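To keep things simple, chains are lettered A, B, C, D, E and F as they appear, and every chain counts its residues starting from 1.
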Amino acid sequence: MSGMLAPLLSPVILFFVLGATAGFARSDLAIPEQIAKGLSLYLMAAIGLKGGIEVAEAGFSVDMLMAAIAGLALSCFLPLPVFWMLRRFGRLDRINAAAVSAHYGSVSVVTFVAGVEVLSSSGLPPQGYMVAVLALMETPAIVVGLMLARSGNREASTAGAGLLHETLLNGSVVLLSGSFLIGLIVGPEGFVSIAPVFESGFRGVLCLFLLDMGLVAARRLRGSRTLTARLAALAILMPIINGAIGIIVGTAVGLDVGTVSILGTLAASASYIAVPAAMRLALPEADPGLYLAMSLAVTFPFNITLGIPLYTLMATGLG
Amino acid sequence: MTDTGYRKIEILLDAPLVPRLVDIARQAGITGYTIFPTLGGAGQGGLWSEDLVAGADTKVLFWTVVSLDKAAALQDAVEPLLTAYGMVWVATAADVLRPGRF
Amino acid sequence: MTDTGYRKIEILLDAPLVPRLVDIARQAGITGYTIFPTLGGAGQGGLWSEDLVAGADTKVLFWTVVSLDKAAALQDAVEPLLTAYGMVWVATAADVLRPGRF
Amino acid sequence: MTDTGYRKIEILLDAPLVPRLVDIARQAGITGYTIFPTLGGAGQGGLWSEDLVAGADTKVLFWTVVSLDKAAALQDAVEPLLTAYGMVWVATAADVLRPGRF
Amino acid sequence: MSGMLAPLLSPVILFFVLGATAGFARSDLAIPEQIAKGLSLYLMAAIGLKGGIEVAEAGFSVDMLMAAIAGLALSCFLPLPVFWMLRRFGRLDRINAAAVSAHYGSVSVVTFVAGVEVLSSSGLPPQGYMVAVLALMETPAIVVGLMLARSGNREASTAGAGLLHETLLNGSVVLLSGSFLIGLIVGPEGFVSIAPVFESGFRGVLCLFLLDMGLVAARRLRGSRTLTARLAALAILMPIINGAIGIIVGTAVGLDVGTVSILGTLAASASYIAVPAAMRLALPEADPGLYLAMSLAVTFPFNITLGIPLYTLMATGLG
Amino acid sequence: MSGMLAPLLSPVILFFVLGATAGFARSDLAIPEQIAKGLSLYLMAAIGLKGGIEVAEAGFSVDMLMAAIAGLALSCFLPLPVFWMLRRFGRLDRINAAAVSAHYGSVSVVTFVAGVEVLSSSGLPPQGYMVAVLALMETPAIVVGLMLARSGNREASTAGAGLLHETLLNGSVVLLSGSFLIGLIVGPEGFVSIAPVFESGFRGVLCLFLLDMGLVAARRLRGSRTLTARLAALAILMPIINGAIGIIVGTAVGLDVGTVSILGTLAASASYIAVPAAMRLALPEADPGLYLAMSLAVTFPFNITLGIPLYTLMATGLG
């Protein structure tokens, strides 16, 4: 497993550790908010393009369809066991449990990116179409989470059509899918002239972005008032379980080991951008301090450091 | 300052809830408003400060100048939601120019 | 709150017009002011939100605390321009410390 | 507007001094506040505008809604520091909802 | 003409289309304002440097002088027919017609950049000195527009010396001309060490910037309350006429086809940064919602997609 | 000395001159604040990484220890003569003299970066470990400055433990040392994948950052109300004296000429980020307009243009 842990010493992860350390030590180091937002838009455009170009080269395939179906199914059904665990072991009320479960059914773009980096540098590059699967997996869990919130409780607030629109046309979904399409259209030749920005610059920008993620995660963890030990433990246990489920499903539908690993990583990851915004709107009674602390301050750091090697190991074992 | 019958109402709320509040205000007859950014703050929910990653609990200030009757209508509509939405409401007596507009 | 004779005046206006307003304020004897950013809003001219490209109709808030006489002088100077410049004016009675400064 | 016994207090101060003011406010029993950004301004110390390089004299607005007694306690604590710290203090009578919180 | 339209499938234009689509669909995708401002400053520094270096290599020439005179003349006289059309067919009052005509006499930096990209990839690279012509063409139309506003109306507000200063020392003029001078001074050798940022990065950054322009243009178009169908039609007709005039003038003074095409593009383009700010100050009674909708939401998208190929075609036909 | 002045025509310095010119001419050119902050964070991460990787390659040495001790000693003792000069010739009161002397004992990161650029392109590259010395020299002068403020004046306000924490965990110290450590850990091989961002991009980004520094310095100089001619003269004299002291100390402990030059540059430079913030907190009675005008608007431009060649000349003469 030492080979699997080697990525922990990559600059990308070390910058995350630096940020987290600075955040815990209460350093005043801070990445300006708009810069961080800009970096995350760049990362999404870059992975969208990359995925699209890879698919333009490799062509469409049955695997791709299987992966899409698997991803959709995971995003729809993973909230259910999560909800149950949160109610039973996490002792959360229905509304908060539903809100958190929507986060864990959805996915984290940065965890995906980190996973692709690790897998590619370990000789197990996932298929390019997984970017499209990522985009597909962002939203279904939101709907499932809302249904869980309403079940047995007619009063839970509802957002209706507005929310559906907002969710489907969510900025990250649009940018990911749009860049994926652009990549498909322009193909490898069209990409050459923009590659210095979107390809050569990628890992360096990722370092700076993860520096910020480390700072933010540490501050969230320090500042959280409602994160109990039980919930923190669940925020590590749930991704392991979801990751395992994702890996089993991915292996069952016949994907290659790298692609299975990243599907597991997606299943294990929890959203901290699109879903929180949607939940704040649709379930304002739920506590944003709680769902952000769990997904951003516990699950994300766990996945980025220990989780990804673990899922890769599982996928390799099964594959 | 004689009360000229206008109020400046400031409502601090989470950014994702703004469209919702704008709808509510429109139903109260209010179509003019301005949104201001914040840098951070503290309250019962602890300290927070702007962070990009999750705009979900970033606060903004909804700022509107209205006549007394619209102020009352807005208050009636917003009051039941204050706690669930975690909003802070402040109203101040205000003098305006071109009063017909508000 | 007894009226201590001070006003907080807030004027919402387009960013390119700020130097013009600062000149006008200076002629009314006002040298202290602060400018605040906004994120967006709506009014008779429809919805707007900050966009980089054209700062021409980005709004900012001119915020100044002044004595009553300066407030009146500013009001006289600004009132005729309000409509052409599309400004929103709000004045509130305010308590200050170190009153000599304002 | 009958005085409901609440004040909105706005204090303009240099960004590095915020933690200090937050401490002082806490000692006056105030735990809820919000910080707003500024773009620039002018005063006796001349014109300034945001510049990255040295955040040392960038101003922000400390904004808090409090009951009368807390307002008085904050005023007592802040008044001696106003000149040395170069702060601007403005208090306005304010109506709140959920008054128990403030 | 299909070859001429090929650039429409370049990543740069596709990102513009993505942004416009997201804007129309009311997606919440948004580029942070300061990032967009930063990208535009970068683009201006980069094209200024590039132009300066090309002139340092090619040396000064009579062509350069002719192009400068042609550009200045276009910027001074184009507002006149535009004003007339806006009054007559657009049914605008004097003040608004004057404000809009200043926009169409001035130029759009991003349209220029897109034009250079398209022409270079079509084997018709314009001369480097056109960056200086671009800078020269930014401001004269403002003065002409103000004169039009005042003619027959003594009351139109005036800004006087302040405006002249503001216009001549306008940020984009200063940055364009300054970078051009720096390029001239350092020449190709001095450029080597900064080329990775200012040259290799150029097209990728342009993609991100045009993504934002698409979003902004779509939102402006959607949000506009005063843009009539007549005015929208004029916002397409006027660039075609202005472009044709520019191309005739450029061909008459003996410039090469690529350079003529870009001069036509400049003539056809309308300012949406420098001029709106100047008009807001000098003619506050004019409606910013109107002139921004015309220049930014109609003319800019038209030029960037269909206009540039059209002007190139005209220039090739004449040349 | 003409060879020494050649760097004045490098794009980096020319962009600074462009910014300063625009600032003096009251152009509205402005780099958005968050962009400038982002660029400065990038520069610190990049030089930290670069230093760490150079030390990873060269290994630890006695020189490194000597340079560290020399840097620490300079940062502790330089405030003393500065304080004396400010009191005696500058006619400053105790509090303001103490605040300014803390700035001159500390260092400027951007001056360091510009110095390394100039020295490297003159064939005198300083040792990589000087980045660590830079980080060491940022904070001691703050403590010394506060002791000077208090000496003979019990009433001067004090910040105590809070300030110490804030100073040691200051963002720039943390980012510089953290990136240095990451560079040490990943070494040259780990750096390859992030080099396009942190190495190739470096000088271009530095151009944009210095453009902003020029603007800010010019505005500060124009806007300052308390900068007397005497103080402005001292803001040029003091760096020359401090630079000479640094060069003598560096030569005495046996460092190479390039490294001595950069040590002299560090000694001559004055902080305008970390120290102003600390002084605003610890000595609120001191005038920020004054210490920022001296360090940022006079000393910084002097060092970046004439100072660095001068210190290099001194070091070469002594070495």
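In this section, contacts are C-beta pairs under 8 Å (C-beta built on N, C-alpha and C of every residue); 3 or more make two chains touch, one makes a residue touch a chain.
All values reported here derive from a predicted model rather than from experimental measurement.
Undergrad: According to the touch definition, list the chains common to the neighbour sets of chain A and chain B.
TA: Under the touch definition, chain A and chain B have no mutual neighbours whatsoever.
Undergrad: Would you kindly say which chain has the C-alpha centre located farthest from the C-alpha centre of chain D?
TA: The chain farthest from chain D, judged by C-alpha centres, is E.
Undergrad: By mean C-alpha position, what chain is farthest away from chain F?
TA: Chain centre farthest from chain F's centre: B.
Undergrad: Write down the chain pair with more C-beta contact pairs when C-E is set against E-F.
TA: Comparing C-E with E-F, the pair joined by more C-beta contacts is E-F.
Undergrad: Per the centroid of Cα atoms for each chain, what is the distance between chain A and chain E, given in Å?
TA: Roughly 41 Å separates the two chain centres.
Undergrad: Quick one: chain C and chain D, Cα centre-to-centre, how many Å?
TA: Taking the average C-alpha coordinate of chain C and of chain D, the gap between them is 19 Å.
Undergrad: Compute the distance, rounded to whole Å, between the mean C-alpha positions of chain B and chain F.
TA: 45
Undergrad: Touching at least two other chains at once: which residues of chain B meet that condition?
TA: Residues 36-37, 92-93.
Undergrad: For chain E, what residues touch not just one other chain but two or more?
TA: Answer for chain E, listing residues that touch two or more other chains: 31-35, 37, 196, 200-201.
Undergrad: Return all touching chain pairs.
TA: A-B, A-E, A-F, B-C, B-D, C-D, C-E, D-F, E-F
Undergrad: Contact residues on chain A for chain E in the complex?
TA: So the residues of chain A in touch with chain E come to 32-35, 37-38, 41-42, 45, 49, 165-166, 169-171, 174-175, 178-179, 181-182, 185-186, 190-191, 193-198, 200-201.
Undergrad: Could you pull out which chain F residues touch chain E in their complex?
TA: Where chain F meets chain E, its residues are 9-12, 14-15, 18, 21-22, 25-35, 196, 200-201, 203-205, 207-208, 211.
Undergrad: List the residues on chain C that touch chain B in their complex, please.
TA: Residues 3, 7, 10, 12, 36-44, 59, 61, 75, 78-79, 82-83, 88-93.
Undergrad: In the complex, go through chain A and note every residue touching chain B.
TA: Those in contact with chain B are residues 31, 33-34, 36-37, 40, 157, 162, 212-213, 216, 219-220, 223-225, 272-273, 276-281, 284-285, 288-289, 292, 296.
Undergrad: Applying the document's contact rule, which stretches of chain B touch chain C when the two form their complex?
TA: Residues in contact with chain C: 1, 8, 22, 31-37, 60, 65, 92-98, 101.
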